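In C-alpha cells below, several structures.
First chain A sits with chain B, and in the next complex the same chain sits with chain C.
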Partner chain A sequence: MRTPPGISPATFAAAVSQFEKVVGPQWVFTRDEDTRLYNDAYSPFLGEPEERWASAAVAPATVEEVQEIVRIANRHSVPIYAISTGRNLGYGGAAPAWSGCVVLDLKRMNRILEVNEENAYALVEPGVSYFDLYRYIQERKLKLWIDCPDPGWGSLVGNALDRGSGYTFPYLRNHFDAHCGMEVVLANGELLRTGMGALPNSRTWQQYKTGFGPWIDGLFSQSNMGVVTKMGFWLMPQPEAYFCGRVLVRRRDDLHELVRLITLLENSNISSGCPDSSSPLLGIGSIGAQARFLAVDEPLPADDPELAALRDKAEAGDPSGLEAYGRRKNLAYWTFDIKFYGPAKVVAAQWESAKEILSAIPEAWFEDQGEYRFPLTEEPRDHARYPEFGIPSLNNFSLGARSSTNPTPSHGHMWLAPIIPRTAEAIFEANRVFGEAARQFGIPQLRFNLPAWYWQRSAIFIFGFPVSENPAENRHHREVFFHLIDVAGKHGWAEYRTGPVFQDAVARQFSFNNHSLMRFQETLKDALDPNGILSPGRYGIWPKHLRKPR
Partner chain B sequence: MHKPTTLRARVAWPLGLAVVFLAAARTTAFADDAQTIAWRRQAIAVSPDTPRGYVEYQNSCSVCHGPMPERPGTRALAAKYKGSLPAMLEDRTDMQPEFIRYIVRNGISVMPPFRKTEVTDAQLDAIVAYLTRPRR
Partner chain C sequence: MHNYISRRQFVAAGLTVAAAASATAAAAVSGERPGDPPGLKLPLHLALFDTRFAAAHAFARALAVRGVSLAPYDGDVTPVWFEQLDPVWRQYPLAVAGLTTEGALFCLEQFAWDNGMRVAYRGIHCAAPGGGVQHLLESSAARPQDVQGRLAGVQPWPAQVAALIAGIDAPAAAFPSEPRSRSSARFHTRSRREAPAPRLVSWLIAPRNWRAAPPA
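Presenting the complex of A and B:
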C-alpha cells in the first residue's frame, strides 16, 4: 500500500480504517490491483514514473458519508481527490491531479432526485451518467431531452463542473451554464447549497439560478473549493421536429461573411442547434461527417494531383485556382450545417429566413440535409445525430478504436482545445500561427483546421493527440502540447479545459495584473481549505504548502 | 489510430480524431436488435426470468459491444477478426472467464479498465456467466 506524500503509514492506516467505518470496508480500495483502476487510461505519462496514481479510493453512497470522509481527511491531513464517474478520458480520467491522493469516488451516489417534465429540469447526484438519466426519462415516457456530450457514460455533474459541451440549444450546450443550483460539501465537512437552495422551504432551487447575493457556483467548477454532491440541470422539452440545412459558398474569403451571418442567426434565435462547418475543397470534414466515419462531407476525386497543387497554392495565399476548380466540379469552399428544433412549421420558416439572410453571400446555395419528427419511430440510422437528438452513446469512440480504416488503434488521446474569437479572421490567424509553431517544432504542417461551434459567442479549435504505449512518442506529444499552449497564450487564446498534466501551464496563461485571478483563487483556497486536502493542484490551484513560485 | 506515415498525420487531427480516416466501408451487415433498441428507448424489458448477466451486459457493455456497426467495440472486433470470430461478444463461444475478467479490469486499446464502483465483482461474475453460458 502506497501512502500520500508526507503522510506516515501509521497516519494513513488510521485514516483508511476510519474511512472503512464510514462506508464499509468493501468500498475502500487500497490494494494495488484496485487502486490502479483509478489511473488515467489515457495518461499522457502512460507507464512513466510521472503517471498520476492514487494511494487509495473511498466510495461513499450518501452526502453524510462524504461529509464524514472530508472531516477524517482533514483530521489526518490526507489529500482526497473527488471524481464523479471518472470518465473524462482525454482530460484526466479518474486519476488525481497530485499523485498519492485518496480518490473520493462518487460513482455510487447515483440517485436521480427529481425530474420535472413541466418545467424541464432535473436534480441529480454526481454518479448519475447521461445514460442513467436517459434511461430514467425513457422509462417514464417523459417528453424531455438531455443535452449530451459525445461520451454518454460521463456524469452530468462532472461534465458540467469541467465545463463540457453538447449539441442542442445554445443555453443548454454549455453544460455549466445549463446547471441550476448546487449542493456542496466544504473542506471542513459543512454542507452548503447555492442559489435558491439556500432558502429554506424554497421550491425554486432548479428554477432560479442566482438566489440572492454573490453567485458562487463558478467557484466549484474547474476548481477544488468543495465537493459537489447535488446539481440541478435544465433539460430540453422534446421538440416536434428537427431540421438540418446546409449553406455552401464558393470563395475562400466568403468565410468572413459566412461566420458573421451564422453567428447572427444563432444570436437571434433563428437557428437553434450547434452549427457545423466543413471545407469540401480543402478536404476538411464537418464534425458530423467525422462521426459518420467520413473524412469529408462530399466525395472528392481521389489522388487528384491538380487538386493537391491548388490546395497548396490556396494555403500559400492564392485561392483563385482552387475556387475555379470548385466551380468546375460544383464543390464548395466552405459549408455550414445549420440546425433547427421546434414545431415543424416554425422550423421550416426559420430555415426560409436563414436562407434569405445567407443569400447576401454571392453565389451561396443551399441543401436540405433532412428533417426528423419526434418521438422517433425507429433508431436513427445516422448515428452522427445521436447527440443532436439528446441520445447518449459512445459511438464516437469508434474514431480512435480499431476499424477497417484504422487497423492500428491508439491507446487513447488527449485534446488541445483553445478558445478563439468567432471570426474568420481569427480562424485564418490561428491556422497561420499554429502551422508556423508546428513547423518550428519539426512538424511539417498542421492541416488547415476549422473550429467547433459549441459555444454561442466563441469558437474552439480542437487538436487530438494520440496516447500510445511508446513513452518517446508520448514525450514528443507532450512537448508539442506544452509548446502550443504557450503559443496560443501569447495570442490571447487558451484551452477551455485540459487534463491535470497541463493544467498548471494553461492556468499560467491567465496572468493579467501579475496573476491576480490565480492569487484571488489561492486566497479563497487558503480560507476554505487551510489544510489543503481537497484535490490539490486541480486546475492549477495548489494549497499553500504545495505552491511553487510563479 | 490509423497508422500515420507522417508527423502531420500523427500529431494533429484537426477537429478530432477522424480526419485521418477515409470513408469507411461498411462491409458487415448488422441486423437491428430489438432488445438494444428497447434499451435505448424504453429501457430493458426485464422479467424475473431474465438472466442477471444479460441485464448487466446491456447496462455496462452493449453501448460499445452491441449489435450495430457504429458501436466502437463491435466495429473494432469486426476489423480485428475479419469474420473469423463474431464481432458481437454475445455471439462468441470461445471466451474464457479469466479472459473476460482481465479485459474488463485492464482495458484494451481505447477501452479503459472498469472500476469496481462501475462494475462490481458480482456484476462482473454475472456478465462472465452470461457471455460463457452454455449454447445449444
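Presenting the complex of A and C:
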C-alpha cells in the first residue's frame, strides 16, 4: 500500500481503517491491483514516473458516508480526489491531479431520485450514467430525451461538472448550463444545497436555477471546493420529428458568410440541433462522418494527386484552383449540416426559412439529409446520429487504450480543445497559428481543420494527440501540447477543459490583472478547505501548502 | 438500446450457429468437449462475437457447442452490453468471453471493473508478416506451454482459443491480474482462413472470486 506524500504510513493506515468502518472493508481499495484501475487509461505520462496514481480508493453509497469520509480525511489531512464515474477519457480519466490522493469513487451513488415528465427534469446522484437515465426513461416509456455526449457511458454529474457537451438544444447540450440545483458536501463535512434547494421543503429545486442571492454553482465545476452529491438536469421533451438539412457552398471565402448565417439561425432559434461542418474539397469530414468512419472501419476515399496539390496551394493562400476543381467535380468547399427538432410542420418550415436565409450566399445549394419521426419505429439508418436522438452509445469507441491486461496500448489520446470566436476569421487565423506552431515541432496532423460547434456562441477546435507506449513520443507530444497552450493564450484563446497534466498550464493563461481570478479562487479554497484535502490541484487550484510561486 | 436492434442482429447471426449448437446439445449440458481439461469449469454466461469477422463466427460456434449462449453484434457493442450484460452484471458478476475488436473489449473491461470483475485472459490475434496468424496470449508463467499445446492442434485457431477459454478452471490463479505474476507468450499458426484485419482480441472477463459467485 502506497501512502500519499507527506502522510505517515501509520496515519494513513488509521484513516483507511476509519474509511472501512464507514463504508465496509469491501469498498475500500488499497491493493495495487485495484488502485491501478484508477490510472488514466490515456495518461500522457503513460508508464513514466510522473504518471498520476492513487494511494487508495473508497466508494461510499450515501451522502452521509461521503460526509463522514470527508471528516476523516480532514482529521488526518489525507487528500481525497472525487470522481463520479471517471470516464472522461482524453481529459484525465479517474486519476487524481495530485498523485497519492485517495480516490473518492462515487459510482455506487447511482440513484435516480426523480424524473419529472411534465416539466422535463431529473435529479440524480453522481454515479448515474447516461445509459442509466436512458434505461430508466425507456422502461417507463416517458416522453423525454436526455442529451448525451459520445461515448455515453459517463456520469451526468461528472460530465456537467467537467463542462462536457452533447448534441440537442443549445441550452441542453451545454451540460453545465443544463443543470439546475446541486447538493454539495463541503470540506468540513457540512451539506449545502444551491439555488432553490436551500429553501427547506423546496418545491422548485430543479425548476429555477439561481435561488436567491449569489449563484454559486460554478464554484463546484472544474474545481475542488466541494463534493457534488446530487444534481438536477433539464431534459428534452421527445420531439415529433428531427430533420437534418445541408447547405453547400463553392468558395473558400464563403465561409465568412456561412458561419455568420449559421450562427444567426441558431441564435434566432430557427435551427435547434448542433451544427456540423465539413470541407469535401479539403478532405475534412464532419464530426458525424468521422464517427461513421470510426464505427464501421470504412477506408477513407483515396485522394486525387491533383486535389492534393490544389489543397496545398489553397492552404498557401490561393484557393482558385481548388474552387475550380470543385466546380468541375461538383464538390463543395464547405458544408454545414443544420439540425431541427420539433413538430414535423414546424421543422419543415424552419428548414425552408433557413434555406431562404442561406440563399444569400451566391451559388449555395441544399440537400436534405433525412427526417426521423419519434418514437423510432425502425433502426436509424445512420448509427452516428444516436447521440442526436438522445440515445447513448459506444458506437464510435474504436480507439485502443491501456487496460489492466493491456499495459502497453497502441494508442490513446489527449485532447487539445481551445475555444475560439465563432467567425471564419478566427477559424482561418487559428488554423494558421496552430498549424505553424505544430509544424515547428514536426507535427504534421494539424493541417487545416474545422472546429466543432457545440457551444452556441463560440467554436471549439479539438485536436487529438496520440498517447502511445513510447515515452519519447509521448514526451514530444506533451511538449507540443504545452507549447500550443501558450500559443493559444497569446492569441486570446484557451482550452475549455483539459486533463490534470495540463491544467496548471491552462489556468496560468487566465492571468488578467495579475491572476486575480486564480487569487480569488485560492482565497475561497483556503477558506473552504483550509487543510487542502479536496482534490488538490484540480483545474490548477492548489491548497496553500502545495501552492507554487506563479 | 431499442429492442429492434438486438433482435435483428441476433436473428441474423443466430442462423450461423444454430445448427452447430443443436447438433451437440448433449455435450452442451456439461459444457465440456472431449479433450477439455478436467476439473470445475468457470460457468460462462455469454460469448460475444463481432459478426463482421469470420474468425469470430468460428470462435462462437466452438463455444456454442459447449452450451454457451451467444451474443452477436455488428461492430457496435452497445446493444449487447445495454440489453444483455448490464442488467445481469448489476445483479451478479458473471463470466463472459468474446472475440472482438480491442475497442469493444476496452469498453467492456471498464464496465467489468465496476462490477467486481477483471479481464482474466487476453489474446491478441493479428496477421503475421509471413502469412498465417500471430497470437500474443497473456497468462501466468505456468500456462503458456498449455496454450502452445492447444494452438498446435488441427482445429482452426478460433476454435482452439475457444477451447482454451472453456477449459480455464481458476482464472484468478491461472491469469493473475498483477503484472509481475503474468507472462505472455507468442505463437504462430498457419491458417487457411484469412488473417484477422484489424487485429482481434479473444478474452475472458471473470469475477475476481468466481467460486463465490452465484450459478449462471
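Note that in this section the second predicted complex is superposed on the first by the 525 of 550 C-alpha atoms of A that agree within 3 Å, B and C clash if a C-alpha of one lies under 4 Å from a C-alpha of the other, contacts with A are read in each partner's own complex, and residues count from 1 in each chain.
As a convention for this text, contacts are C-beta pairs under 8 Å (C-beta built on N, C-alpha and C of every residue); 3 or more make two chains touch, one makes a residue touch a chain.
Computed from a prediction, not measured in an experiment: that's the story for all the values here.
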### Query
Is A:508 contacted by the first partner chain B, the second partner chain C, both or neither?
neither
### Query
Does the superposition put A:107 against chain B (first), chain C (second), both, or neither?
both
### Query
Is A:32 contacted by the first partner chain B, the second partner chain C, both or neither?
second
### Message
So in the superposed three-chain picture, is A:465 touching just chain B, just chain C, both, or none of them (first/second/both/neither)?
### Response
first
### Query
Between chain B and chain C, which makes contact with more of the residues in chain A?
B
### Task
Pick one for A:450: touches chain B only (first), chain C only (second), both, or neither.
first
### Task
Would you check which partner chain A:393 touches, where first means chain B only, second means chain C only, and both and neither mean what they say?
both
### Task
Answer with first, second, both or neither: which of chain B and chain C does A:131 touch in the superposed model?
both
### Task
Based on the superposed arrangement, let me know which partner A:285 touches: chain B (first), chain C (second), both, or neither?
first
## Note on the structure
chain A residues contacting chain B in one complex and chain C in the other 33, 37, 41, 85, 87, 107, 131, 135, 138, 153, 295, 376, 378-379, 383, 391, 393-395, 397-401, 403-407, 410
### Message
Applying the document's contact rule, which stretches of chain A touch chain C when the two form their complex?
### Response
32-33, 37, 41, 85, 87, 107, 131, 135, 138, 151, 153, 295-297, 376, 378-379, 383, 391-395, 397-401, 403-407, 410
## Note on the structure
The residues of chain A that touch chain B in their complex are 27, 29, 33-34, 36-38, 41-42, 57, 59, 85-87, 89, 93-94, 105, 107-108, 127, 131, 134-135, 138-139, 141, 152-153, 284-285, 287, 289-291, 293-295, 299, 376, 378-379, 383, 391, 393-413, 438, 442-452, 461-466, 477, 480
## Note on the structure
As the complex stands, chain C meets chain A at residues 1-2, 4-5, 8, 75-78, 81-82, 86, 101-107, 109-111, 113-114, 118-119, 122, 138, 177-179, 182, 198
#### Entry: Complex contacts: residues of chain B adjacent to chain A
1-3, 6-8, 10-25, 27, 32, 37, 39-43, 63-64, 68, 70-73, 75-80, 105, 107, 109-118
